[in-house]
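The structure's right below; bear with me while I get my questions together.
To keep things simple, chains are lettered A, B, C, D, E and F as they appear, and every chain counts its residues starting from 1.
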Amino acid sequence: MKMITAIVKPFKLDDVREAVADIGIQGITVTEVKGFGRQRGHTELYRGAEYVVDFLPKAKIELAVTDELAEQVIEAIANTARTGKIGDGKIFVTDLVEAIRIRTGETGSEAV
Amino acid sequence: MKMITAIVKPFKLDDVREAVADIGIQGITVTEVKGFGRQRGHTELYRGAEYVVDFLPKAKIELAVTDELAEQVIEAIANTARTGKIGDGKIFVTDLVEAIRIRTGETGSEAV
Amino acid sequence: MKMITAIVKPFKLDDVREAVADIGIQGITVTEVKGFGRQRGHTELYRGAEYVVDFLPKAKIELAVTDELAEQVIEAIANTARTGKIGDGKIFVTDLVEAIRIRTGETGSEAV
Amino acid sequence: MEDIQVAARVTELAYALDTFYFLVMGALVMWMAAGFTMLEAGLVRAKNTAEILTKNVGLYSIACVMYMLCGYGIMYPGAFEGGVFQSLASIGSGILTSSDNTAADVIASGGDTYYSGLSDFFFQVVFVATAMSIVSGAVAERMKLWSFFAFTIVLTGFIYPVQGFWKWGNGWLNVGNGTVGFLDFAGSGVVHMCGAAAALAGVLLLGARKGKYGKSGQVNAIPGSNLPLAALGTLVLWLGWFGFNGGSQLVVSDVENANAVALIFVNTNMAAAGGLIVALLTARFWFGKADLTMALNGALAGLVAITAEPLTPAPGVATLIGAVGGLLVVASIVTLDKLRIDDPVGAISVHGVVGIWGLLAVCITNPDASLKWQLIGIVSIFAWVFSASLLVWFALKKTVGIRVSEEEEYEGVDIGECGLEAYPEFTSAE
Amino acid sequence: MEDIQVAARVTELAYALDTFYFLVMGALVMWMAAGFTMLEAGLVRAKNTAEILTKNVGLYSIACVMYMLCGYGIMYPGAFEGGVFQSLASIGSGILTSSDNTAADVIASGGDTYYSGLSDFFFQVVFVATAMSIVSGAVAERMKLWSFFAFTIVLTGFIYPVQGFWKWGNGWLNVGNGTVGFLDFAGSGVVHMCGAAAALAGVLLLGARKGKYGKSGQVNAIPGSNLPLAALGTLVLWLGWFGFNGGSQLVVSDVENANAVALIFVNTNMAAAGGLIVALLTARFWFGKADLTMALNGALAGLVAITAEPLTPAPGVATLIGAVGGLLVVASIVTLDKLRIDDPVGAISVHGVVGIWGLLAVCITNPDASLKWQLIGIVSIFAWVFSASLLVWFALKKTVGIRVSEEEEYEGVDIGECGLEAYPEFTSAE
Amino acid sequence: MEDIQVAARVTELAYALDTFYFLVMGALVMWMAAGFTMLEAGLVRAKNTAEILTKNVGLYSIACVMYMLCGYGIMYPGAFEGGVFQSLASIGSGILTSSDNTAADVIASGGDTYYSGLSDFFFQVVFVATAMSIVSGAVAERMKLWSFFAFTIVLTGFIYPVQGFWKWGNGWLNVGNGTVGFLDFAGSGVVHMCGAAAALAGVLLLGARKGKYGKSGQVNAIPGSNLPLAALGTLVLWLGWFGFNGGSQLVVSDVENANAVALIFVNTNMAAAGGLIVALLTARFWFGKADLTMALNGALAGLVAITAEPLTPAPGVATLIGAVGGLLVVASIVTLDKLRIDDPVGAISVHGVVGIWGLLAVCITNPDASLKWQLIGIVSIFAWVFSASLLVWFALKKTVGIRVSEEEEYEGVDIGECGLEAYPEFTSAE
């Protein structure tokens, strides 16, 4: 199994959710994060003083998937989240040793 | 070492924390996340218009543990967080390559 | 590639960001988390009743890096985030199987 | 103008000034509705905020309608010839006819009829809403919305007016036209303790919020979610109280009465200041921290304390009466928590315990007061309101229920009762 | 004092009382600016809050200046000898000279000149700001700030005063000095429907907020971010409305007028209560939940409904007039959404639809009213304000543009227009 | 009624009207306490909000008590026979006896005694609280709570009354009974510049907030956490200012005075509008964005600017005087930041810099004013308040300390001083 972590622009969240749902993914977990990347924040003036907003709000999406689905999911996310502009985000993949569904106790690919 | 990530219902957080503390776990990190799973959100009416609350608040608990303790911790979390109802959450396990305690510089299982 | 996850005191965030930027790291993702560790929360009185603040705000910093840079980044974080006091936090390292830059589709170490 | 015309014109002017004064004071009391709303919204958790807002604006509206329909008639039977029944009967013809004193009557009365009857209704109706607002805070975060409204109907339409009649409607507590007997100038008892008694009955049947009291006896804090709102609410109440007490003089149009209203303003202000300072100091020395919420309750305690008699104390004494209120309220809040009586905003302490103190304190400065009559008043009002309320709460509990389900309480009554959230975009920590 | 002196002193006193009354009522109406500001700030999303605040404080200020520069002169040509042009010409000499009625004139008038001209200006200027506040809510979350201010200049300096002149400036709608013809006591039409008509024109040209209406026809909810502010705003408006309606009697200094003001206070209060209760019940039965925002709109609907005639209904009837307003406002909000007219705060429903109801309801209780004249008034005011506004909005759209870019709308107009955030420290969910 | 009776009744009525007017105006000024509280709560960071609320409600209460105990006696020695010492001595007998002018005295005075002495105390006491509120904003987010309260005691009980006596207590600045010499109608100097001078002294000894100024000289923004509260506070102050300036006329009961009060209302309103518009435009052209916080400061600047003389300018001129204030305040805020004088809410600019402008502007419209006397007044008040305050701040610094620890500042003074959080459930970004 794989844990896929995608950092995307917040307004792409709904599209990504729908795209992976279409492939059959039933569970995802989303966290609001702040991103520092090549895309820089902007400078604002507040009462005449500078105000650097150097973090940008991003959505972090985590999906545990079976090895077979991983490729497809990654593609779906990348295609949906892409705007072609700086700050589109990244996808990271790690190995998942185990997964457990708390309600039933199922484990492994049954559980993701 | 293993990194155990559990997505649980927020009101189970305190119970889970106590359960793992009983096993001797001294450190955990908690994040507020939004979960989309089999458990669907609900539809509300606001000023007569539909309002789909399709994410549900969940607590994500991360624990770095030694390999020996992993099994026990997973069991403790699963047992404590289970209500038997949909939305109870999941536990994911990944391999941890290294851990460092910043204050002392200790590494490995000393550090978790 | 490695995924480095550091839990640090929030007010150290800016220093850490600068320190890793100096090494050449261009992207990091930050999440506000609550930590329970050896450092205990404090007890407050609100209207005469006890109020245990048993979680402490921490910043979780995630960085995907190439294997070569990992050691150096970990050191930089540990050195910058250290105050020597309890609650300084931890650094966890996991293996990263794949990384994709959404905008360009680049993968692997090109993408981190 | 001839002499007689001038004299009539002067009488009319005085009538106009008194009516205007009464309306302005009434508007300030109406503003107290905003004060209670903000105070309570600030002291509950975010997930229960929309519902407490709904309760407050709803109860105010219901109070106005019920008091018009029957409450005013019960409390002041003379106000409608034939009293409440006639009043009820007159619904078809428009409830409260809009007829008022004619100019001829006023002039003929030589100043005895000194303000518009409708201005009196306006002033009175905002008082009954105040009493009911006290209840909403105490039962917050766990009561069913519509059961609360059902209780509102009964309290504002019946329970409050009956004891209001006893005192201000010239009933049995108003011995010698209010010169001897039970003395309660602006309502430490009739309004504030009344509200607190009804609240206490509700809280006892309702039980504490989940998680407020631990198994091992400890008292857990459930911090209010938005303290700027609580501070705003307190300052709104402070301002409104000038109308509450200042308007209760009923007349302003001659030197004596103008001086009286001025003294009432000063004393009301000083009592609040005294209450706030002492509550803040008490919290500082008792708990080690300057607990803002206690300071706010202290100010309100000072206001409640002076309400029974804002006219006979000199300002320095008024400050001290308020200061004692500030001390009492902190002690009372802690004590009620020990007794596991869960009152999220401290309403029972502020309005009940300190209301009693205010009624007793009348004896200190007003030579016409007697401890005996004050106690008779306290006991009879409390007994009536508490037992009648208990009955109504009990009936509601046995029928529609008064408490939301455990799950709804956990998720917050906002979603359950109102279908929306007060702060949908702000992440709330759990 | 001699007789004649006493009589003069009495006349002066009455003048002083009426002026003071007028100023206090005007201050209450000014306070409505805070009400609109809080209401709208509570009902928009967090990312558009600073801008709506800026709009509200800015429009109030612009309204004051424009009304001084020319609006007042257009609406009350007699107020300045020579009217608007002279008024404009007098900018150099200080605009609105500070000269007022002299004591001698007042006494000589025998009471016909009964208040300060400047107090009249003050009362009127806060009315025009009210009308403009209605617009800001309806066009919220997507309009360019400076285009909005440009429109403000035209509405408050010209569009509003013209129709205000028709009625209150003794123009063609004010037949028989206001005794017959179109009747609009305090401005259900002249102020509220006027504001709503201008808002409607703007909304039609502006379009709905992104995401409000789905492709498949569904209506999406965009919840307001801070409901305590919305409740506070409503209560502020409720209080301010006592000034709005109560001050429109213009005189208080004799028995008849004092009674009238008292009745207006009572009716205003009862109509709001009736509107709130019925809107809350309607929401409860229609949607299954006690939608707080509908209850708040219901209270405002009650207030708008009674504004056209707060003096002839008995309080019970006033309650019912408000109650109908509460029902209408809920139905109207849902209907406008069906028609894809996107009004984030419900301003067009509250002030427009219910404003019309208020004007029609005059016929129920005022025997002097005629349905014909009420309809003439409604149609002519609406036609004028709507078409003039449409023209101005259109001109703005074609030149500087009226809508922010899609990206700015997504990110929130706060950053784009004001360069800051209303709640920079509170994480907002997206 | 006989003639003589009628005449007496008229005198009494006038006394009643003036007293009532004075109390209503005083209540509006008291309301300004809520304005400062909300404004400051909105402009500080979330972690320092509960403490600034505590400071504001606390300082108001302390100001009331201290002014009663000795401040009023110092400022108006005649008010108590025997002055301050007798006043202090009278604590036992109740402080401020509740005795007031008798009807006989008033009638005998033929109108010269025209309001209740206690209404004067009420009006004055809310002024002193205003002065102190100015300080709390400037020293926010880093000062120790109890040191602040210690300073409050001295300023309100002694420093303020002394210079208040110079002018309004008929001291040396009040040449020719206020007709010539230093002119300050409602307190641009005596109240506002006084507060700003005390604040400046505090800020200089206290230093800037951590992180406000970078090592390399840059000025960092520390955005306010809750701008709706800041906007609300400004509108509350705007409303309260009608009382502040309008009440300072002291009499309303004849044509001339009624006109004066009306003109003051109009001018106060126009100056605020002018200040807001110009500050908003200045920010727009200088910074590129419509900075809401500058607009709010601009409105307050307009109000401060007109306070020294709201009676002689025509409304158009008043608008311009306010407008200049709006320009000055933006420039001053930026300049103070350059000088590394850290004032989180802009209080020193609004009340100090613009207060001086207001005092100088008196010369433009009031022929009785002289630049010389205005400068004498400015310099002497500033010198006294600044140096006396510096001394007190310094003594506090050397004994109990005035600044919280670095750690406490980082974590927020709410937890450290008050033991609670203003918004415990809302995650705050760091």
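FYI, a residue touches a chain if its C-beta (ideal position, glycine included) is under 8 Å from a C-beta of that chain, and two chains touch if they have at least 3 such contacts.
Please read all numbers here as calculations on a predicted model, not as lab measurements.
Trainee: Show which chains lie in contact with subunit B and also with subunit D.
Mentor: C, E
Trainee: Find the geometric centre of each of subunit A and subunit B from their Cα atoms only, then give the gap between the two centres in Å, rounded to an integer.
Mentor: Distance between chain centres: 18 Å.
Trainee: Could you tell me the distance, in whole angstrom, between the mean C-alpha positions of subunit B and subunit F?
Mentor: Whole-Å distance between the two chain centres: 53.
Trainee: Averaged over CA atoms, how far is the centre of subunit C from the centre of subunit F? Could you give it in whole Å?
Mentor: 47
Trainee: Which subunit D residues reach two or more other chains?
Mentor: Subunit D, residues with two or more chain partners: 3, 6, 10, 13, 17, 24, 223, 226, 232, 287-289, 291, 293, 419-420, 423, 426-427, 429.
Trainee: So which stretches of subunit B touch two or more other chains?
Mentor: Residues 31-32, 34, 44-46, 51, 94-95 of subunit B touch two or more partner chains.
Trainee: Taking all chains into account, which pairs touch?
Mentor: Taking the chains two at a time, the touching pairs are A-B, A-C, A-E, A-F, B-C, B-D, B-E, C-D, C-F, D-E, D-F, E-F.
Trainee: Which of the residues in subunit F come into contact with subunit C in the complex?
Mentor: It is residues 410, 415, 419-420, 427, 429-430 of subunit F that touch subunit C.
Trainee: Going by the contact rule at the top, pick out the subunit B residues touching subunit D in the complex.
Mentor: That would be residues 10-11, 13, 32, 44-46, 51, 57, 59 of subunit B.
Trainee: Hey, which residues of subunit A end up touching subunit B in the complex?
Mentor: 3, 17, 26-31, 64, 94-103, 105, 111-112
Trainee: Could you pull out which subunit B residues touch subunit A in their complex?
Mentor: 2, 6-8, 31-38, 55, 58, 60, 74, 77-78, 81-95
Trainee: Spell out the part of subunit D that touches subunit C in their complex, as residue ranges.
Mentor: 218-221, 223, 283, 286-289, 291, 293-294, 330, 333-334, 337, 346, 429
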